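Could you have a look at this structure, given as C-alpha cells, before my questions?
For reference, chains read A, B and C in written order, and residue numbers begin at 1 within each chain.
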Amino acid sequence: MGTVEAMERPNSIEVEGLVREFKKGPRAVDGIELRVEPGEIYGFLGPNGAGKSTTVLMLTTLLPPTAGTARVGGYDVVREGPKVRSVIGAALQEAALDPMLTGRDHLRLQSTLQGIPRAERKARGQELLDRVGLSEAADRKVGGYSGGMKRRLDLALALVHRPRILFLDEPTTGLDPQSRSALWEEVSRLAREDGVTVFLTTQYLEEADVLADRVGIIDHGHIVAEGTPQSLKAEIGLPSVHATPAEEGDRQRLVSALAPYGESLDGGGRDVVVRLREGLAGLPSVVRAVDNAGLTLASLEIQAPSLDDVFLAKTGRSLEGAGEEESDAAETAA
Amino acid sequence: MRIWPVASAVAWRTLKNVFTNPALLFPSMIFPLFFFTAFAGGLSQVSQIPGFDFPPGYTAFQFCFVLIQSAAFGGVFTGFGIARDFESGFARRLLLAAPNRTGIVLGYALAALVRWTVTAIVLTVVALAVGMNVFGGTVDVVGMYTLALLVNLAGLLWSSGVAMRFRTIQAGPIMQMPVFLILFFAPVYVPLGLLSGWIETVATLNPLTYVLEAVRSMLAGDEVHVASAFVIAAGLVALFSIWSLRGLRKAEAAG
Amino acid sequence: MLSQVGAVARRSIVRTARQPAAVVFPLVFPMMLLLVNSGGLEASTQLPGFPTDSFVAFALAVPFIQGALFSTMNSGTDLARDIQTGFLNRLSLTSIRGTALIAGLLAGAVVLGLAQACFYIVVGRLVGVHFASGLPGIVALLLFAALISVAFGAIGLFLALRTGSGEAIQGLFPLLFVFLFLSSMNTPRNLIGVDWFQLVATVNPVSYLIECVRSLIITGWDGQALALGFGLALGIGLLSTTIATLALKDRLVRT
C-alpha cells in the first residue's frame, strides 16, 4: 500500500490531526492538518514557540507524534521512518556542523552515510559546493565560516542524496540580506527546476510572502489561516492609500477629494489615509481627483495589507511582537 | 583613599560566590582530602623503607604535604575566580567602581585566605580523627599553619597575576601547571634524604622543599631550617605581590 | 555499513588530530605523573618483596590505564558536543544504524588509544625499561590497549548519551581519578600497609587492569594477571557497549 501511494504521490506531505504533547507543559502542536502538493513551496509562518520546529521534527521522523498521522513522500512517518528519511533532506534550526571539519569533509561524510557509491562521492561533493558557492572555502574548517556560509553548507548537505522533499527550519534567521536572497534563489530554483517539494518554516513575513506558493500561519500549535499569500491578504483587506499634502492647510480639501473612493482611516498626523473600495484599480481615479482639486502632494503611498495584518486579524496579536512575548513567557515558565 | 572598604567588599562577594556554589566549594576541599587518603592509605609502607625516619608516622608525614598542597591550590582556585570575573566583565565593573584598586587584589587575597582556612580546618579535623600524631608544641603548630598561610598567599598572588594578564579562564593551565610541578618536585612521598638521581637534584633546588621540610619538622617537634623556610615563603609572597600588582596595572591599561 | 563505520571513525580521528590540546595532553600528562612518581618513589623498590628494582618499570603500566580514562572523556565530550549542536540529528537522518555509529566512534577511540600506547612504549624503552615479555608481550599490550579503549570509550559514549552535556562529563573526571588512585597504582597490593586501602584496591577493577599491563612489563607471561586483566576488560567492554547502544536508542528517538 505504501509503495503504491509513493508511486502515485511521490513528493507530497499529508498531515492529519497531528498532536505533540510534552510531559510538562501545554501541547506544542495541537491538531494540525495540512497538505503540500508535489513541487510546491509551503511556508509555515508563526512566532517563536508557535510549534513550527516541533512540527518539522515530527515530519522528519525525529520526534514521534503523540497523536495524528503524517505521510511524507507517501510513507507514514511513524511506521515507515527509514523510508521517509531516504526521500527527505533537512536543514534544521541549528546549523549542526562540526567546527573541526572542513566543508569538503562534511560532504564526504554525508555522502558516505547516505550510501552514495564511492566512485560518485567526490564529484557529487564538488557539484554541491559549486552550487552553493562554497568551492573556494571548501577546504577551510567550518569553525571559520560565516553564518551565511554555514547555512549554505547546511543546505548542500541536505541535498546530497537528491531528496524529493526538503525541510528547512528557519533557514535565513540571522543572515544578512545578501545571503538571504541567495538562499531564496536557490530554494526557488530547486522547486522550479528540480521539482523538489519544500516545507519551510519562518518567522519572517517577507520570506513567506516572496518564497512560498502557499502559506500556513501557525499560532499556539494551531493553524489559524492557510492559503496563497495573495488570497490571505485579499481575504483580510484592501490596499490603502496614504497621501500627504504639500501644504498643511490643504489637508481638509484632500480629505474631501479622497472621500468618494473609500473608507477614511486615521493616518495619525498629516497623512490622509483612505482604504480603496475598488482596490488598486481605484488608484487612477484617486490621482485624477487630487489633480482636479488643484492639490499638490508631498507624498503618495500605497500600502497593501501584509501577512502581519492577516495574523493580527486571526489572532488579535501582531506577528512581529508575538515572538518576543512567547520567549518571555517561556523564560518565566522555565 | 582607604583600602579596607574595597578589600572587604571584594572579599565578601568572592566568598559569598564560593560558599553558595557547591561546584566551586567542594573541589577545593575534596581534592586535598582525597590525596591525603590516597597517599597516607596507599603508601603507608613507605615508612618501612630503611632510612625513613619520621617519628610521628606516615599519616602525619603526608598531612604536611597535603596541607601545603591545599594552600597552594587554594590560592590558584581563587585565581580561577579572578579570571572568570575578567571574562564575564565583572572585573571591569570592579575596576571602574573601586576607588583604590590595590584593594581589589587585597580583597581576593583575603577571600583566598578565608577559603583556605575552612579547608585547613576540615583537613585537620579529619587527620586528627584518623589518629594522626602531633609531636610539636603550640608554637610549632602555629608556625606550621602560618607557613601554610604564606604559601596560600603566594599561590593566590601568582595566579592572580596570570589571571589579570590573560583575563580568560583559558589561562587556567598556566596558573595550575607551575604550581603542580613545584609541589610534586618536592619530597612528596619520602624525605629528601631518600631521594636519589635527578629528582634529588631538582628537589634540593626547589624552594618549596624547605618549606615542606620545615612544616614536617615542626609537626615532629624537631624544628629544622624553620627560619629559612619563613624567609623563602615571605620572599615568594613579596615576589608574587609585585607580579600581581604589575598584572593589575596591565589589566587597567587594557580597559 | 562498513564504509559508514569507516566514515564515522575517520571523522573522530580527524577531529581529535586537529585539536592539539586533545592530542598533547593525554600524552604528556601521564608521562609527567610517571616522571614525578618514579622519581619520588624510587626508594620504594628497597622494600622487601617489591617485585622489581626499577620503579619506572613498575609504574609504566599506569599511563596505559590513564590513557583509557582520557579516552572516556574524549569520546564522551565529543559526542555530547554533537548532541548539543544537533550534529547527531543530522547523522540520524541518514540510514546509519545505531550499532554502526557506536562502532565508528569506538573505532576512532581505538586508533587514538593505540597511538597513545605506542608513545608510552617508546618512552618506556627510551628510559631503559626492559619488557620482560619481549616483542610478543608488546603486541599483547597493544591488543589490551585497544580493548580498554573500547571499554572505556563506550562508558564515555554512554555518559554523553544520558546527560547530553559536555560539562557533566568533565565533572566526572575526578571520579575516574579516584578509581585510578585507590588501586595498586603506586604499590603492589600485597604490600599495602593500611587495611581498608588494601581492601579497596582489591575490589577495584582498575587494579587488575594495571597489574595485567605491569605483568607484561616486569614479569613476563603471568597467566593469572593476564586472565584477570583481559577478562575484566572484556567484561567491562561488553557491558559498556551494551548500555551505550541502549542509550543511543533512547536518545535517537527517530521512528
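Methods note: a residue touches a chain if its C-beta (ideal position, glycine included) is under 8 Å from a C-beta of that chain, and two chains touch if they have at least 3 such contacts.
As the structure is a prediction and not an experimental result, all values here were calculated from the model.
When every chain is represented by the mean of its C-alpha atoms, the one lying closest to the mean of all protein C-alpha atoms is C. Farthest from subunit C in terms of Cα centroid separation is A. The mean-CA centres of subunit A and subunit C are about 49 angstrom from one another, to the nearest whole unit. Separating the CA-averaged centres of subunit A and subunit B is a span of 59 Å.
Distance between subunit B and subunit C, defined via averaged C-alpha coordinates, is recorded as 32 Å.
Interface residues of subunit A, counted against subunit C in their complex, comprise 60-64, 77-79, 81-82, 85-86, 88, 90, 92-98, 100-101, 105, 108-110, 112-115, 118, 141, 157. Residue ranges on subunit B touching subunit C, taken from their complex, read 23, 27, 30-31, 34-35, 37-38, 40-51, 181, 184-185, 187-190, 194-199, 202.
Residues of subunit C that touch subunit B in their complex: 32, 36-37, 39-44, 46-47, 171, 174, 178, 181-182, 185-187, 191-194, 196-197, 201. Within the complex formed with subunit A, the subunit C residues making contact are 3-4, 6-8, 10-11, 14-15, 18-19, 82, 85-87, 89-96, 253-255.
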